[in-house]
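Chain nomenclature is as follows: A, B, C, D, E and F, assigned in order of appearance, with residue numbering initiated at 1 for each chain independently.
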């Protein structure tokens, strides 16, 4: 895989041609408001995870439409009574779900509460999931996969429900007694990174306690460029659908604009650590930089940084980037 | 593509290891009965198809759950008052839909009424479609595509709804005044062929007027073998899902057995013309022969024949096979 | 497939670097004159096409060198005596032939006479054909396929014969009593589109009655760029041959210049409806725009338009573009 | 990926055609004896792993030839003085190394001491490594990768050194004060599984304390079949080398026979839990079953079991299989 | 590439299901007789080959239909007056031609006269060529490439002309004064090997002086099996054509039977050294063994041997096999 | 393969961004000096090559570290006593070795002494080899293949040893009594071309007798660009290693700079004939032009020329380019 996208110097300045909808804020105000009509009703059931040093809880809470969303909460074992930990809320990559109860505990190993949100209707791919997407639009004519599900209107688009689930997941995490609700960190890889950007933006002015965002090779950034140039992964679902439904390009872009991290992240107010991979042909670096360069612009320009992995495809920095994140959080929380 | 499946001599005798559920007939009796609770309410709106010699109607009728299903009815133009034509009911291949109003008129050109049923939730692929699948299970965790949608239980499995739609489509076609309801021919390619086999079987004893079935390289036959050996196309959706959900193999087979053409076609009572392609790695010839060899065995062993295309992949006989079908119908209707 | 060619803004202005031979017009004057030495001798034999609403005739006429070329003529059935219809003359895509007698009747369905010309020496690929290429140069050393057949000299190059066949096909179509010879429309997809452009140009001043050209994702445009950038389809036959015959690049370009739609279409005088697909890696959009932008420049700049399909590869607009063509002709013929 | 290897019924009985060298035991007796001439000199340096619940030590010990081999030892944090834990010794898959200090702690999370051995000369692929292979034969003419390194003679073959490293790794693990040396479990995936089988066999009669082996989709089993049928992964390195060095087939097989899990595992005396994946085209299921079916045959036929994953390629059972292993160990250690 | 064809034990016995035409001998008697009506008229023009130790002549002679066929004759430089050398006549692999004047001199280096025959109509691929195929059937509808050129009738099939060219090439080689006409060895790789087998068979009883045949991974053996199982190379041209021209399977086989090495080689009377590669997916080993096992059966069962390369694809034994051939000839000529 | 690199006009001016190390000359002075501490000890054993017109000697000499390096020397047979020939020293492409004794004699056929150097540790790929790389760093952690072997430090990097071997190979060739030591020509394809460039540069001021360099599509030029843009072949070994070892980019570049033909060739003083292929995606044309454009700039700007093959991938000009080289040498040696 050669370097195929813009050179690094141009990436540093690239900001996307996506157009923010005039009613972006009211749309999301209304959306969040509707979601909060439903009782959150977060429950935490202990499970046997076979682990000696981590306690795990099977989480259920009400997301978009009051639909019941699953998750895991991992805590270091043997917490002291009343002890409250900063929490890392993690969102999952495309096609995956929350996985098994002991599959991913890494933030809890590092001493954080670790909350993992299942992705509705996903979990058929890399990691299994348990949460259906019972919305009435789920059976719409759509290209195989989730990217064009409900794409006829922003009210029905699949990621509206997912972003709301994520917003509510933060509230669910905050509701647990071992969690310090004033110290929520958002993170995720690929789709999880895209949800991180969106949630950081949606939280601004609507939800207290989020203190940082760590989107890793984030997906869902700069749709207009992404669907033009991306050869592999989920973005081509949209291009393929448009290859068949040739008359819907502008209408689709209009819908996607409500969900583009380029717009949603602009409002974010918290420090962020991004990553991008220069040979990433699933989430091309220009789309990631579009999200990064816009992040926080209207949210007070919080500190932000981006790690660039020159010779990596979508795997990005992997274990090396986790070290960067651990250092970032260690510093953030000690300051 | 070399010949990779059983040699032709063995195909002639191969009958599948799929096990028919004990309650197959009651399950479908109940299913059809429930569907008939809903008024069929078939409507036929004339459309401008730009064609001089074919008249086209936009069809809507109530399928499974009373959901409104789309279709086209093409008729030769300038029919005489009261003239009633034999009707060819055509089902569509996987991922496709009914297409545009003038896209496929071939049976009407040949002098038949030509009824095309849209496939719910499809139409994102080769040919566009317009019918959603509004069932509450449509958003279940499922591998991208339709093959594992609702596969947790036979009541929810996607093809239960499609097969019922097809059954009702026959009734809808019969309801049009230019159609001779005693002369219904079923046909389709690939998934359309699988629906043809199933509908022929379901019609037996439940629906009068079906007189022939012409399944072309039919899909949805012999699931146990198909998911083991098929490298390409929709069958691997199931294998891929099982690669992730490792504990669900037997349970899935149990569900799929309610929808396997090997079982459903056994009850068929009408003459049939199948086709198979020996280099077909989407619907391998052994799965097609499994369906063919079982066809009609408990339905009075109607006449049946199968055209074998030795050097073709899933395209099968194409225009050449259409000639065979035209000859088959000409002979059938003149006898 | 990402957008890999020039951006749309640049496509709008791109005109090719191909150099028109000084003797282009005399070369073609001589060529056509020689062809007309042979009696056209167009014959039309009725065939059983199994269709109730279309009549089909097996056509034979004399093309280049007097070689007998096959074709089909489809007419709406039951024409009134003396009725004369506008005719759509269709040329076929690379590797295909005229197909079976009832395989493609769409313009006749729409009320036109529909004349399909077989492509000599082709018909081994997507659609079968019946016309050999008996020219003595047919067995020259050439890369597999037709693109380098006879490429040592413009007099022997394969497409010289094909373009002449196409010119004579128009005359053959005009000779049928049910055809209105003053209303000939040229069309075709890919290679058929390239032949359409060439024939429209060759007709200018040499043949009356052509009234429109509808080249769909045309091939055979802008050879110098096409052989440099095209990764797939027939153009690479030329590049592959040059990879072996390294010393023949300039000589080959000199020959190809006599057949480049960029030059031949420039003389066209009739309105045109082109199409291009922005993700087409068989006939890249820049080569199509080169043909489009030059079309008619010296022929009085007739009206022309081009439909651009952004998310399509070489399939282009398919059934959607046919609607555009039907509308274009309906308007043209009603004006 | 269809099922391409033997059907499951035949896998259950398949035992390989590989021929055990007459001097297999003396060869390994001498090999181990030589290795033990070098002082083990295992050192354990604590490292900052950023984790709150796991303590990690950077391990170094003397493997084959006294070469210094790296590893990690992970322990649950806050052990009580004198507490000794059963240890899981893990070997790594082909191309990988021990990774970063906090990359894989899963057995420590489960309450075990977790010892990870680096693979000499590997660590360029999936997971990074830090141990060179300083043997004088390392620069021999060999196909890219490690499979044919030193393959001219069994004394020089690369895996001789690796197997000895593994044997010594067990001794190194046993030497740590928090480890119960009488409770050593061997495990690993793919190459790690192959080393597990070999080490279990080599330990028999030579090393006390090993109580179980858990090889997961093991590599290095049944070389004669593996190099004939495997299309992907490291086995084809051998076939590719033989494609060039055509005269060395029998000589290579003779060397490989000293390292084939089919022979080495036969002597094992401890219970084992294997896994195989039926669509595995890197370590085909027949090769895995060859290893499994021979395991322990001359070692007193210890209890053994194998999990079969029907729809998985080389990923095998992944997180699901870990659960099986956790259950297997929980039961073993509680009995 | 795994071993995909029959195991070696079965290859040793495999003999093909191809059916020899009743009139095979008369067909070829007539064919050769007709060719000999044309004067051979072999000319040898010296060329500057830039080589100090090899002299090269540009050869032209009359092949099938009197068409002028090109070739090279290489001789060791500085022959003594009247010296006559055994000659190796080499035929070329599919798509290639005789190449440049100094491109392949290896048999002359070894002290033989080395005669290379150009393949009419080829030379567009691996090695360039200079001989057209001016037969009137060369422009027939045929799949791209040569395999289906003229395949409607045995009189027109392309390889009839090539085999005759080869027969005449032997006569041309024999006509040079530095060649010993009683010592002709035939050889070639792939297609060249197929021509070798055919020429050895055709020479029996018709042409004196041929003393050995060395077909290397020969093509053109056992067509019925070859077109069923071969995934790559020229055989699939036939299967692809049949995929389109579905009704011509038996007719094509009937034609191909006149050219199958399985039949033609049966009459051969001279010793032979074959080679086969067990991972060859262009000329699968079973087809090569079919040719080998039939070779000479009706020609007095001359000595024959076959080298088998287990881990090679179509490259076969390459430089290693040349050594075998040099040894074979050294022994043959010294005996 | 489309033209994917810079257009030809830009290639003519492109000079690379690689930075020459300040101590490049001292590094190589020291390196050569150390190598010359070892006695060259070149031996030439006659072998039976089965050839009548070429004599071949099995060569062994001391390369880097005194390691014994293999080679072949081919001479035209029957030289007169005392006759001394210009010698062509040939280096081999990546993965290959010196091959068999009669495999490549082409320069000897042309009347030159032909010296072929084996590449240490290679010979597993296209052509077999016999020389190990016994350096202690050969077993370092490195990506499969040779490109990252010893890359931690310029003293250990694999190509340091190879370049020294090449330098000593020239001296070995010069030591043979049939060689004119004042007429040494360097050549090679791909890696062989890269070694040619390096050796030409290293010879300047250190070794007399080299009179020309003929690097053909040379590898090992302009590492910074090569590892960024090359999709295929050996360069991606470096990118792949960096994809895993993310922190070593700058350090690696620093090492590679000691071996980049862009720097080493700058000092060359002898005429050169390069070649480049514009569709070469293994050694992209821009990297080749970087080497060419820098060649000789500080060595007195000797005459140089480059053949460009527009439609070729890495095969370049092959037999056609050999003619160019033969002409170049004929002219050079006659002047």
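One rule holds for everything that comes next: contacts are C-beta pairs under 8 Å (C-beta built on N, C-alpha and C of every residue); 3 or more make two chains touch, one makes a residue touch a chain.
The chain lineup, named per UniProt: A, B, C, D, E, F = Acetylxylan esterase.
Everything quoted here is computed from the prediction, not taken from an experiment.
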Chains in simultaneous contact with chain A and chain D:
B, F
Walk from chain A over to chain E along touching chains and report the minimum step count.
2
Neighbouring chains common to chain E and chain F, by label
C, D
In terms of CA centroids, furthest away from chain F sits chain B
If you tally the C-beta contacts, which comes out ahead, B-D or D-F?
D-F
Rotation in the CA alignment of chain A with chain C, degrees, nearest 5:
120
With centres defined as the mean of C-alpha atoms, identify the chain lying farthest from chain D.
C
List the centre-to-centre spacing of chain A and chain B in whole Å, with centres computed as mean CA coordinates.
40
Intercentroid distance (Cα basis), chain F paired with chain C, Å
51
For chain C versus chain D, what separation do you get between their C-alpha means, in angstrom?
64
Residues of chain F touching 2+ other chains?
240, 320
Going by the touch definition at the top, which pairs of chains touch each other?
A-B, A-C, A-D, A-F, B-C, B-D, B-E, C-E, C-F, D-E, D-F, E-F
Residue ranges of chain A touching chain C (in the complex, touch as defined):
227-231, 239-240, 242-243, 246-247, 249
Complex interface listing, chain F residues touching chain C
1-3, 279, 309-313, 315, 317, 320
Contact footprint of chain F on chain D as seen in their complex
95, 97, 120-126, 128-146, 148, 240-241, 244-245
Please name which positions on chain A make contact with chain D in the complex.
50-54, 76-77, 99-100, 102-103, 105-106, 108-111, 127, 319-320, 322-323, 326-327, 330
